[in-house]
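Two complexes are shown next, each including chain A; its partner changes from chain B in the first to chain C in the second.
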Partner chain A sequence: MVSLLRNQKVRNTLLQVVYVGSLAALVLAGIIIARRNLAEQGITSGFDFLYKSTGWDVNFSLLPATANDPYWWFFLIGIINTLFLGCTGLILATLVGTIVGLARTSANELAQLLGRTYVDIFRNIPLILQVFFWYALITHLPTPRAAHEAWGLLLTSRGLYVPAPNVGGVAMALATSAVIAAIALPVWLGRTSRLSQPFGQRATIQLAGAAAALACAAIILVVGRLPDAPLLDFPALQGLNLRGGLRVPPEFSALAIAIAIYGGSYIAEIVRGGFKSVGKGQMEAARSLGLSPWRVFTLVRLPLALRAMLPILANQYVWLMKATTMGIAVGFTDFFMIVALTINHSGQTLEVIGILMGGFLAINLSLAAVFNRINKAIALKGNQLRG
Partner chain B sequence: MISSNSTKAGGPAVRIENLDKYYGTFHALRKVNLSVERGERIVICGPSGSGKSTMIRCINRLEQHNGGRITVLGTELNDDIGNIDGIRREVGMVFQHFNLFPHMTVLENCMIAPTLVRNQPRAEAEATARRYLEKVRIPEQAMKFPGQLSGGQQQRVAIARALCMQPQIMLFDEPTSALDPEMISEVLDVMVTLASDGMTMICVTHEMGFARRVADRVIFMDGGEIVEQAPPEEFFTASQNERTRQFLSQVLGH
Partner chain C sequence: MEMVIVAPPAPGRLEDLKRRFFATPLQALLSLISLAIMVSTVWKLLNWAVFSAVFTTSGGPEACQAAAGACWSVIAARWRIILFGLYPFEEQWRSALACLTVVVMTVLSCIPAFWTGRRIALVWGAGAASYYVLMKGGVLGLSYVGEEAWGGLALTLFIFVTTCLIGFPLAVCLALLRRSELPWISRTTGLIIDGVRSLPLISILFTFAIVLPFALPQWLAGDKLYRVILGSALFFSAYQAEIVRGGMQGVPAGQEEAAMALGMSYWQRIGRILLPQAMRNALPATINQFVISFKETSLVVIVGFFEILASGNAAYGTGEWRFAYVEVYAFIAFIYFVFVFSLSRYGAFLERRMAVGER
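On to the complex of A and B.
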């Protein structure tokens, strides 16, 4: 008996069993207590409310929504809104961060100073203040009647109006997938043609792939356009209001801008770190071979910096995804706000919080999984010597 | 751009005249003069910080000189980008820490410059790469990544990578000093073969056995100056210079 307890494997298994057992007991006890308390207050637990109609509306949705729709449909809308805001914010933040980060690593001292100032300012102002700032700014823009038009865009206190394609839903979805393919295809082509094509031609193949996918998207849009309507619907003033086009509500713009600028300041530091981690030796070797500065950057410096950045960037993305919950501060119906409204209206607090946690867990775990895949695929093989 | 007649014309491979180099206020090279003939094998040695790396890095413009003239294969190194590119095409360099591109296979490392800088067709570049990998005795590693090779193998890939550009001059900056003792000879053997093929070589190294075997001239630097230069036998046995003798007694261990 003593000898069995001394066995490391046995002991580890035993510890695991005890640990999992006590955790399960704790959760079970919590559920039992909660159910009893809820029952005493006359609240029935369960997920039946998901099929009841909500009776309230959302102010932003990519899917059709009315007050008659059930709760589960609203949760879906919320998740899609969160994903849409999150992806827009992440893409913009990455753009901002790349530009600022490159400025910080550049040899130009003015660019360095500007980059450093940017990071110092925006990283140190709480995100919620930045959201409020942009929201206040946007809602104080001129009214639709006084707004100026530029390139078919209208900036007004009621939102940003942009031209919208007059295209059916199916064609729109197809075209969107084609655009996504235009981004994914070059990556995939780059990997598969790695060993069969020289470097210069590889870039040509990648560009051709992207161009073909974009052409597909354009054709789908033209073919799938609504009958008897111009391809693009421009916003125009009609009476006191604007008709036509697509309205990007101020809540969404304020959040997207705030996430882009705040997130950008963190991503700038990640970008800078990534570039700093690339050994000078590799770049010197590339230069000594006669490669042009542009090729040294795109073929050596950038690929190596990206590999150093990606794992940290993934963390930052997960963090920014969670920051979309700021939507509630300005009334953007993201997932979190829908959850909060549902709690108020249905009273099913525990269930709804469970759905909230499950939803965010799913979003962020998938994000992390995607990044893990990418990291694994591009990881440097073998042991790396730092020169 | 180096025109073909100037590269084929006579005259030294490298001519350095009154070279001055400053790092800020630090005077790293002081009026250095050196001429290297085509086909000549030069070994440069000297204590740490004496300016050996700085000097050979000036030859392919990894460092910019502040005074004097450097002429490589008849072309003067100045701010003309065309000149710099032309010279880099003809001058290969091997570094102490190999500096291979870790995200590319060995073959890709060897093909990137010929295909992009010399616009060689892929098949030709691959054939050249495989030929040089054969020459440095690691043809079987072509599809591996640098991180999967030993230090000695990596350095031989680095030599092959430089050779694939078919340079007329090779620079070596302490190619064996980051290697374990048992790997030094495999790299030196490759360098000896290269020397016997008639390559113009300028090697910074403390491998005195190598210097004895292949060098036409050994150069001793100290404090940013060339203190002494002589054929190896003379340099190792009959040096009159106090600093040289002191340095030799340190590296030769007696």
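On to the complex of A and C.
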């Protein structure tokens, strides 16, 4: 027996079995105890509850939702809400971050100072505090009767009212995909015609493609609008409340603003790092070829910086998606809040926690997969461009 | 031959300004826009926070509401609840002293003289112990105050310190397990680390606070505060483990091979050769992680703790100070800013200091 323990191979196997086994036993014991505890409360395990109606309502949904809808539908709504808030925050944060990051890398010392102050202030205050702050600010705005009005937007304590297009759902979806195509088309054209055309022509083709797609979107909107109604529906005061337009609830705007500002300060640092990593020689070479400053920026500096930024940016985006779980602090029904509410109402703790983990794993993995693809597609081939 | 470098004639002050800010029309425009933003923001902020602000509580909330600027009276009236939560009024000096202990501890651990494993453990162990005794009492003639009465800044600091204290050794263990040569050990640990990292912290805190009691036998469930701290420590250690592992990968393989050739045992190799060098490599990222985890302690407000954010909400949420939410949030933001900014500046300084040797 002792000689067997002296054998390296036997000992290693034993160690591994003990380690994995004890972890598995711990998890298993937890699950068994939990099942017994839940059974005592009259909760049967299993996923049948997904088809029961919830009996409670969500305050924000892109899909139709009532209290009669089943749990699985609410989980779907939660995931879509999380993705919607995450994408909105991601786009806004990238915009803010790009502007601030460019200010920090600019040659102008005043702009640098401005960018640095922004990053130093907003990066060092916890996100949830910023969410609370914006939420308090928005809910303390005047009531609809005394709303602030600017450019057709109405700022009230019940949310932000924006003009909405009077367009049917199908037309809206078509128009949205046309806009997405307008963004994707130039990229695709740029990739396929990389070597065959000189720079000038390529840009013209790309612009033409984007313009055509945008025109398509406009035509779809005009054709698909609801009969006898103006194209844009402006919010207006009617009695004590506002009618028309689209209401952006305070929960959503507070979260989107906070994520944009806080995430923007992190992205600004990533942008700055990306631009700093571009070798001086690259820019000097471009300038000595006689390229204009704008060309140096768009053809040399930006593409190289983008490649350096992208992997770090992907991590930041995953983080941003996870930050949408702050929704529960102000009552925005994101995926996590739906999970928490479901546990409270149905008591199906173990199953719901499983769904939560699966959901976030799926979101993270798909984001990572998308960015890996992009990363691979734009990576420099060979080793011709170092330093 | 002697080279003489002649400095170009120093430009006049006006010339200098022109060169720096108005070199091209675009630069001039950028300068003017930046200047306009800066001046207007600073002026508005100063006007709000200082010139037309109310500082005393003498007028009560009414005088405050009438003023155009900030109402700092709410802080003057409610600072105790923000900093100490519901801690008994006469005992709040203990809470303050405990906060000071944490600050001293943090400052001490920033001094290179304390950067040996034993000393840093001693500083943090002693700090946490004296914090605990001060807050909880029951010994040395201090009256007993249960955890449910802890709150405000003191609770925030307690959660932060215990998270680090539990999370750091756990992180080192996880990192060592992950780089183990036994495939099943490293794979399982990798799975745990990546699993925890892919989840949002709130969901982990929620699971530990509300779901875990179901999965534990009654005698093991313990207080909710300690369960949440455990969850937050687990989250911290998953991230920190990757940082430590990165630091270990930066140590040349020859170091460990040399140690093996000298006949050192596994623990000697880890404790005397690998970890000291790995920690040095990982130091900047580690400080960054501390900063992040300090900010993230604020999330415990969601599982119902009365830490500084919740006590801030309570400070303006009740009765007559309902309008003064901006001031309260500004005050809390300032407290966070002081802690986080000084820590991150220190991290940046350290990074520069350590880069000196590698040039």
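Methods note: the second predicted complex is superposed on the first by the 341 of 387 C-alpha atoms of A that agree within 3 Å, B and C clash if a C-alpha of one lies under 4 Å from a C-alpha of the other, contacts with A are read in each partner's own complex, and residues count from 1 in each chain.
The working rule: a contact is a pair of C-beta atoms (placed from the backbone, for glycine too) under 8 Å apart; a residue touches a chain by one contact, two chains touch by 3 or more.
What you are looking at is a predicted structure, and each value in this text was computed from that prediction instead of being measured.
When the shared chain is aligned, chain C comes close enough to touch A:S106, but chain B does not. Which of chain B and chain C touches more residues of chain A: that partner is C. Of the two partner chains, chain C is the only one that A:A136 touches; chain B does not reach it.
By the touch criterion stated above, A:Q282 is placed in contact with chain B alone, chain C being left untouched.
Applying the stated contact rule after C-alpha superposition, one finds that A:I80 touches neither chain B nor chain C. In the superposed model, A:V162 lies in contact with neither chain B nor chain C. When the two complexes are laid over each other on chain A, chain A has no residue in contact with both chain B and chain C.
Interface of chain C with chain A (complex): residues 20-21, 23, 27, 30-31, 34-35, 37-38, 177, 182-185, 188, 192, 195, 198-203, 206-207, 210-211, 214-217, 295-296, 298-299, 301-302, 309, 313, 323, 325-326, 329, 332-333, 336-337, 340-341, 344. Note for the complex: chain A touches chain B at residues 195, 197-201, 279, 281-282, 284-292, 295, 299-300, 303-304, 307, 378, 380-385, 387. Looking at the complex, you find that chain B touches chain A at residues 60, 62, 85, 88-89, 91-93, 95-103, 105, 108, 111-113, 115-117, 121-122, 125, 143-149, 151, 154, 158, 161-162, 165, 178.
Of all the residues in chain A, the ones that touch chain C in their complex are 12, 15-16, 19-20, 23, 30-31, 33-34, 37-38, 103, 106-111, 113-114, 120-121, 123-129, 132-133, 136-137, 140, 322-323, 325-326, 328-329, 336, 339-340, 343, 349, 353, 356-357, 360-361, 364-365.
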